[in-house]
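Just so it is clear, A, B, C, D, E, F, G and H label the chains in written order, and each chain counts residues from 1 on its own.
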Amino acid sequence: MLEEILRQVQAGNLSVSEAKENLATYENLGFAKVDHHRKNRQGFPEVVYGEGKTKEQIICIIQAIRSKGQNVLVTRISKEKANYVLREYPEFSYNETAQILFWKKKTSKNDSYQGYIAIVCAGTSDLRVAEEAAVTAEALGSEVRRFYDVGVAGIHRLFDNIEQIQQATVSVVVAGMEGALPSVVGGLVSHPVIAVPTSVGYGANFNGLSALLTMLNSCASGISVVNIDNGFGAAYNAVLIDHLVKGDKSE
Amino acid sequence: MLEEILRQVQAGNLSVSEAKENLATYENLGFAKVDHHRKNRQGFPEVVYGEGKTKEQIICIIQAIRSKGQNVLVTRISKEKANYVLREYPEFSYNETAQILFWKKKTSKNDSYQGYIAIVCAGTSDLRVAEEAAVTAEALGSEVRRFYDVGVAGIHRLFDNIEQIQQATVSVVVAGMEGALPSVVGGLVSHPVIAVPTSVGYGANFNGLSALLTMLNSCASGISVVNIDNGFGAAYNAVLIDHLVKGDKSE
Amino acid sequence: MLEEILRQVQAGNLSVSEAKENLATYENLGFAKVDHHRKNRQGFPEVVYGEGKTKEQIICIIQAIRSKGQNVLVTRISKEKANYVLREYPEFSYNETAQILFWKKKTSKNDSYQGYIAIVCAGTSDLRVAEEAAVTAEALGSEVRRFYDVGVAGIHRLFDNIEQIQQATVSVVVAGMEGALPSVVGGLVSHPVIAVPTSVGYGANFNGLSALLTMLNSCASGISVVNIDNGFGAAYNAVLIDHLVKGDKSE
Amino acid sequence: MLEEILRQVQAGNLSVSEAKENLATYENLGFAKVDHHRKNRQGFPEVVYGEGKTKEQIICIIQAIRSKGQNVLVTRISKEKANYVLREYPEFSYNETAQILFWKKKTSKNDSYQGYIAIVCAGTSDLRVAEEAAVTAEALGSEVRRFYDVGVAGIHRLFDNIEQIQQATVSVVVAGMEGALPSVVGGLVSHPVIAVPTSVGYGANFNGLSALLTMLNSCASGISVVNIDNGFGAAYNAVLIDHLVKGDKSE
Amino acid sequence: MLEEILRQVQAGNLSVSEAKENLATYENLGFAKVDHHRKNRQGFPEVVYGEGKTKEQIICIIQAIRSKGQNVLVTRISKEKANYVLREYPEFSYNETAQILFWKKKTSKNDSYQGYIAIVCAGTSDLRVAEEAAVTAEALGSEVRRFYDVGVAGIHRLFDNIEQIQQATVSVVVAGMEGALPSVVGGLVSHPVIAVPTSVGYGANFNGLSALLTMLNSCASGISVVNIDNGFGAAYNAVLIDHLVKGDKSE
Amino acid sequence: MLEEILRQVQAGNLSVSEAKENLATYENLGFAKVDHHRKNRQGFPEVVYGEGKTKEQIICIIQAIRSKGQNVLVTRISKEKANYVLREYPEFSYNETAQILFWKKKTSKNDSYQGYIAIVCAGTSDLRVAEEAAVTAEALGSEVRRFYDVGVAGIHRLFDNIEQIQQATVSVVVAGMEGALPSVVGGLVSHPVIAVPTSVGYGANFNGLSALLTMLNSCASGISVVNIDNGFGAAYNAVLIDHLVKGDKSE
Amino acid sequence: MLEEILRQVQAGNLSVSEAKENLATYENLGFAKVDHHRKNRQGFPEVVYGEGKTKEQIICIIQAIRSKGQNVLVTRISKEKANYVLREYPEFSYNETAQILFWKKKTSKNDSYQGYIAIVCAGTSDLRVAEEAAVTAEALGSEVRRFYDVGVAGIHRLFDNIEQIQQATVSVVVAGMEGALPSVVGGLVSHPVIAVPTSVGYGANFNGLSALLTMLNSCASGISVVNIDNGFGAAYNAVLIDHLVKGDKSE
Amino acid sequence: MLEEILRQVQAGNLSVSEAKENLATYENLGFAKVDHHRKNRQGFPEVVYGEGKTKEQIICIIQAIRSKGQNVLVTRISKEKANYVLREYPEFSYNETAQILFWKKKTSKNDSYQGYIAIVCAGTSDLRVAEEAAVTAEALGSEVRRFYDVGVAGIHRLFDNIEQIQQATVSVVVAGMEGALPSVVGGLVSHPVIAVPTSVGYGANFNGLSALLTMLNSCASGISVVNIDNGFGAAYNAVLIDHLVKGDKSE
């Protein structure tokens, strides 16, 4: 691209100031291009982290995104703030458990692709994080199947579902307390497992540290870990993998 | 017992100094009796922790124990120190993996009792701790069955053995790395599980902290935990339970 | 059981689809059997952890349990939620200190068995945890004796009660602050001691970490540890041991 | 598969004992199948962790693997142990920096697939871990490109290489000290980034804890983390993703 | 100074009691002199830390400072307390984001000096700390330029501003989450960087510990670190350096 | 004293330079006086910490101390370094367990004072620290009585000695593992207890952290704590108290 | 005492049941005697820790103590609870900063003794803890002098008071933030220093951990440490020392 | 610069490929320029961290640096490796305590500038780190004055030197154990203080964590902190400040 611009300057087709602007754009484009890649492929230009932002700030960012005709995804947004936004944008969806607000353009489905992301969750108290992952993945355009309350203390519940989990493209495994579920799932599937420790527990759980360490030390291969309670981050990773497999890496 | 002594003093059958000695003995007996209970029931008057003791000190303590005609159990004793003792006491047994030296009087078996302690171990690197548990339990007079290398990363290995583990009186479950095995076993058996975290691992394992926290936070009921690498302590607990069930709490 | 099913298929007594269902059941039964064992022996099919559940969810789970005619045990349930349940099920009992709600079928007592669980507690501020243990054990069908406020700072209080503690089948020892009591009790009794650190304390207590480490490092043998404030877990362990000794492992 | 076996029993084509063995196999196959999946797709039946194993044990495991005609991969194996193995198996390759020993069957390349894994590494002292990742990925059959010594303290070195990194299927980013590199790379690429903290550093680095926390808290999306120094684990994850994209998920 | 006083005593120009007072003053002056240095050079005799002080106490301290005709700077003061003070001193300024209240005498500017402090900030949630730094530096008499929301996850935003940052005398770099920004800035500038970790983040962030460790372990040279959220402290350091360069070290 | 010097300057009895030197001396004396107090009362001008010093450095410091005719106390000095010093100063004493080298002038005993310091020690592995305390106290001129191997796991051993411990002026209580002994002693005596955690233990002991936290959280009153393994520091404290009681605070 | 009782039984002056009761009393007296010692010497039979107790419980304990005609000391009691007690016992004193409620019998002063406890405090935010120490010491009958706001950041304030501090019998030194004050005081005085870390600070202070570690690692001799914010505990220690010196150890 | 290149392309004075190379260089120069700034001003193009590098690697890097005629600075290099280098480059200097090897071109001194860096050090065991700082600063061209062994436990040693320290441009204050010295110095000087915690200490020092936290929490203003034992980093910061003041920021 640099060469092209230079040639046009040489040929007199581009003035110095135009070239300068283009190259500046190029410089910015160098990094903004990445953002465009992301937007084109994933359907979302930027994800808004709602925690610590006022409802006015959130509306303001949403307007900027909508003005470019793009999809919207706001995570960690309370019901009260979401309702405020919904009055303005009644076409948006809000999932209260996941604390996610989003709006997505209708897209034609890639019919041939059958892949899905398995969201596997140990206990009912980990649901909030699991739903943050599930709704994020759906909002970012992936197919999701939920396998909830299949923790290791009653491992037969996992085995009743293991074949469906094995056929997923990638699994997001959410667990609090001792966080042992990803190790067991990781030993039973042959696709990547993204483990999400939750802060569910008490005492020597130390707000999720226990589950985090468990997952980092997993003796099963194929497991990587995100921050405590970071359902969004795990889903984002899973969606990147799902999109790679779907094959729309076609730019 | 106090009343009896006082009555004998009243009756003139016991002099004041004799009574004083008896009562002193009583006081000491009050606590020493516990020691006798322990010795009678478990067959070992005192367990010697070999680490940090010289071979001369160990010999010296063994002589004191033997002079009372009692059984001997030395834990965490290196091969070199053990060989030094074995030259003096060739009838002793030494288990190098477990680092345990012991000698036991022949005892008639309680034939009717079929109970055993299951020693369950996640990986081959946890063997040292598992063997410390197994040999300790055997030296203290319990039946032991070993279920090694049945970690959660290949959980079918556990399921191939689960029925035998379920029939044990009590399980000692040894695991390093993420330490998830006790949670899985705890969900499959209906007897007490004593969990032993090991220091096997690296990085965010923090010398066994990861496995320790996992076990303390287990969402399965019926699990209690001992110190990192404390195979001896877990076995001691298991033997106490095994003896209670065996029914020789008959003093 | 597998062989039997196959023989019936061979003999034409069982259709393929029936056999398939049976074997599926078998697979599930393989793990669900464990649950049945547990229910039969302990009188409770499942313990409900009340924290983080709404009163509606709790009622819902209770209905499911009651519909199978089984006993009910809900831990960590606030007075307000408990009152909500009690309006529906006035025959239930609620213990406010222990924060436990339960209902138990009348059962004929095993008359010959004299064993009991000693619940030993260091200070009055540890009472909540001690009562969680005591009420859990009682609800699960064990005899309990309470020895409260016998902490090491005034150790004569412990000695006034030590003989009764020594005669228990198993002790649950609850302590906050420095958590030294289990070590002292462990040195005086010859049965298993289950130690419960509490989060009582301030400053360098670090919400129970101090007591937890103390108990894990105890130089007395026969001590195992559960999570901070986990009175329920300690009692559950103690009841498993008590039931083993009681001898109703008769299936 | 279960139905098929039952039908054959019904039809008399399979005796009860044959069916029993098959179903046992089935049960095992249920989990072993996973292993087969893995082996077929990845070309390695099992990875041997060399640390803590004697050279005799390693030879013994290798013989078992070779007897099934399969590829071999041994990680964390010292030069001295590797030389011992190489005398027996001179056709094996040993990479001293990566401490990896491996042998791979010649395989026809999937010509149409151009994807590769970018191994990005902050400093020269992180090389050992980066090479463990690179050699693992190559041994498991993926194409690898190395981008070493591109740490954030001289960020122009990264920018000189960023386009090539952006075109990879997945990146493994290795960094010690403050571990900031994955955040920067994560903000510049649109594929999954697997971050590997290393134990390189001193003082408040706490043996890699600093880099680990940095990576878990990354404000860039699309990053997941493995244990400190776990180059193998990161590569294994990357290879799983690479294989998914390559499309040989065709069983 | 001591010699001078002694000579005056010798010469009879100073009585013993006067000399004693002077020397006492000297002793105090020895340390108070430092305070005077500070006041003269920086324009503020003492900074008031508002947190934990009542509004009455703050008014009281302000009166003492004002009675000496000096500038006032109160940090970490809530809007409510500030309003209370502003009713009494309407000429004061309050910055709500920075939570700083101050009053400064008009001073003639050092015209020839063009230096400024760059306040660089990773994300919008770190703003409170960045503003505490910026307003402190301004109140203490330095020129400030703000470069906000230039975190490493979208590093092109930093590069758009890097030349202006490079021309500063000293940079204060504020970042939460993984805290990687100071390392990147440190590698691009040739002046001192004072890094401020913030407590912004969740989970394995541990209230700013993650960012703190990152900054302490930075592989870029020229970075020093202050306490978590200590915007004031960083600014104070930067102002000391700015004043040194400005050259008014002329006493 | 300042006034006196000034008057002599005024009177011409002291030149300015003499006064200046005196006042400098005064200033130094102001702090050095403390040192003199210490030396006079405690019999040792300065304690030498031997760890990390070469034998030549140690000899050099000893010569400086001896040249002023004062007593010598070197702690944490290995046998090999001590022997080097003993060749030069054969009149010195070396205690190998305590790793202390010292020399003391003959002093007339304070006959009327019967007080002593009780050095109480939990286990034989804590001996090194207990002896560091005991020998330090003796070298600093206090009477010491040793009560070793009286840990809480066999608490009757403590009770056999408690009366003698109760009659001490102050107790130094040394314990590793869970460090519970000071709490028990503190509840039984009415004098100050100085607790010394040792690094004896393994696993969740974390090199003495467990015992340290236990002692800081003791529910018994009258206990203060020194650093892990700091037998010297505890003894120094005890000697200060012992000297206060002895009444030779007579300067 | 035991001998005396036995002789009286022998002589028929004491019945068996009387002797038994006496010896039981003796046994209890063995430990309760300690309590009596404490009460007689210190003027308080038991200190009530008010935190976590209801006002009704506090009244109840106070009544028990008053019924024996003894002094009362309640620590960590809120103004609201204290007012409740004061309505019943208007003769009690309440110190709101210290959060202490107490009542003391008039006692004749030991006129000849001039000793006092120095309560030294770094900053105004540490006042609550310093006052807890000061009021406790006064309530337990010691003379106290307060030296507040003399922290190391303006060390001349300390030097203005150092002589008075040096003349104390014992110092309690209270400091938050970095907790450096005890080290400086410890280097300037020749009596025992009891250091109290406070939880005052933020960020890397970790609720007082920073100050606690500083004090445990002090390079000055003669310093021992109590728990974070434990002003009561430090004062209790200081009073024990003060009483020893006062010489009323005369029972 | 970009505009200039474009104009020359337009004017035909620069071919497209030349322009491309220049702009590539420009891009690189954009960041490499920083490096040049650094080199020109500080006299060292790059500092070599010797730890973990072989002597051959070090020689190799030195050759590259020397080939550009630049100064050389190698930190953390052992005597043995240094001797290897010195055989090749006998004109280099090696400081064994500091473990630094360097070579510097003769430079004309900036005569008018009188500023110096004060290296202040608490104890003799912190010398290694203090010397790393001192020698680094000298090698980078700054004047240095050493104030060693002036720790807070004998604070008069600090006061004897405080005036000289006060007149420095910037202070580097090195301390281990409790690390209190920077707080005291920070309260006495009006220039920036760069604090260096060292790993000197034992027990609750946790390898320098204690001193690190102390310094981060300092209540004195004007203190910033570097990593544990990072004498080099502190000196580098100090030199940046010193150079700013010296005024040779003249490019």
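Please note the rule applied: a residue touches a chain if its C-beta (ideal position, glycine included) is under 8 Å from a C-beta of that chain, and two chains touch if they have at least 3 such contacts.
Not measured: the values here are computed from a predicted model.
**Q** Once the contact rule is applied, which chains count as partners of both subunit D and subunit H?
**A** Looking at subunit H and subunit D together, the chains touching each of them are A, E.
**Q** Where the contacts of subunit A and subunit E overlap, which chains show up?
**A** Neighbours common to subunit A and subunit E are D, H.
**Q** Is the C-beta contact count larger for B-F or for F-G?
**A** Here the pair linked by more C-beta pairs in contact is F-G.
**Q** Would the interface of subunit C with subunit F count as same or different, where same needs over half of all numbers used to appear in both copies?
**A** Result for this pair: same.
**Q** Of the other chains, whose C-alpha centre is the longest way from the centre of subunit B?
**A** E
**Q** Comparing each of C-F, A-E or D-H with G-H, which pair has over half of its contact pairs in common by residue number?
**A** Going through C-F, A-E or D-H one by one, only C-F repeats the G-H interface.
**Q** Hey, how far is the Cα centre of subunit A from the one of subunit H, in Å?
**A** So the centroids are 43 Å from each other.
**Q** In whole angstrom, what separates the CA-based centres of subunit A and subunit G?
**A** 57
**Q** Measuring centre to centre with CA averages, how many angstrom lie between subunit B and subunit C?
**A** Averaging C-alpha atoms per chain gives centres 24 Å apart.
**Q** Can you tell me which residues of subunit E touch two or more of the remaining chains?
**A** As it turns out, subunit E has residues touching two or more other chains at 30-31, 154-155, 187-188, 203-205, 209, 212, 216-217, 221, 227.
**Q** Which of the chains touch, listed as pairs?
**A** A-B, A-C, A-D, A-E, A-H, B-C, B-D, B-F, B-G, C-D, C-F, C-G, D-E, D-H, E-F, E-G, E-H, F-G, F-H, G-H
**Q** Using the touch rule from the top, collect the residues of subunit C that touch subunit D in their complex.
**A** These residues of subunit C touch subunit D: 2-3, 6-7, 9-10, 12, 16, 19-20, 23.
**Q** If you look only at subunit G, which of its residues touch subunit F in the complex?
**A** Subunit G reaches subunit F through residues 31, 34, 37-38, 41, 47, 166, 169-170, 187-192, 194, 212, 216-217, 221-228, 233-234, 236-237, 240-241, 244-245.
**Q** Which subunit E residues qualify as touching subunit G in the complex?
**A** Residue list for subunit E touching subunit G: 27-28, 30-32, 35, 52-53, 197, 199, 207-209, 212, 227-230.
**Q** Please name which positions on subunit A make contact with subunit C in the complex.
**A** Residues of subunit A touching subunit C: 124-125, 154-156, 159-160, 200, 202-205.
**Q** If you look only at subunit D, which of its residues touch subunit E in the complex?
**A** Interface residues on the subunit D side: 122-123, 151-155, 177-180, 183-184, 186-188, 201, 203-206, 209-211, 213-221.
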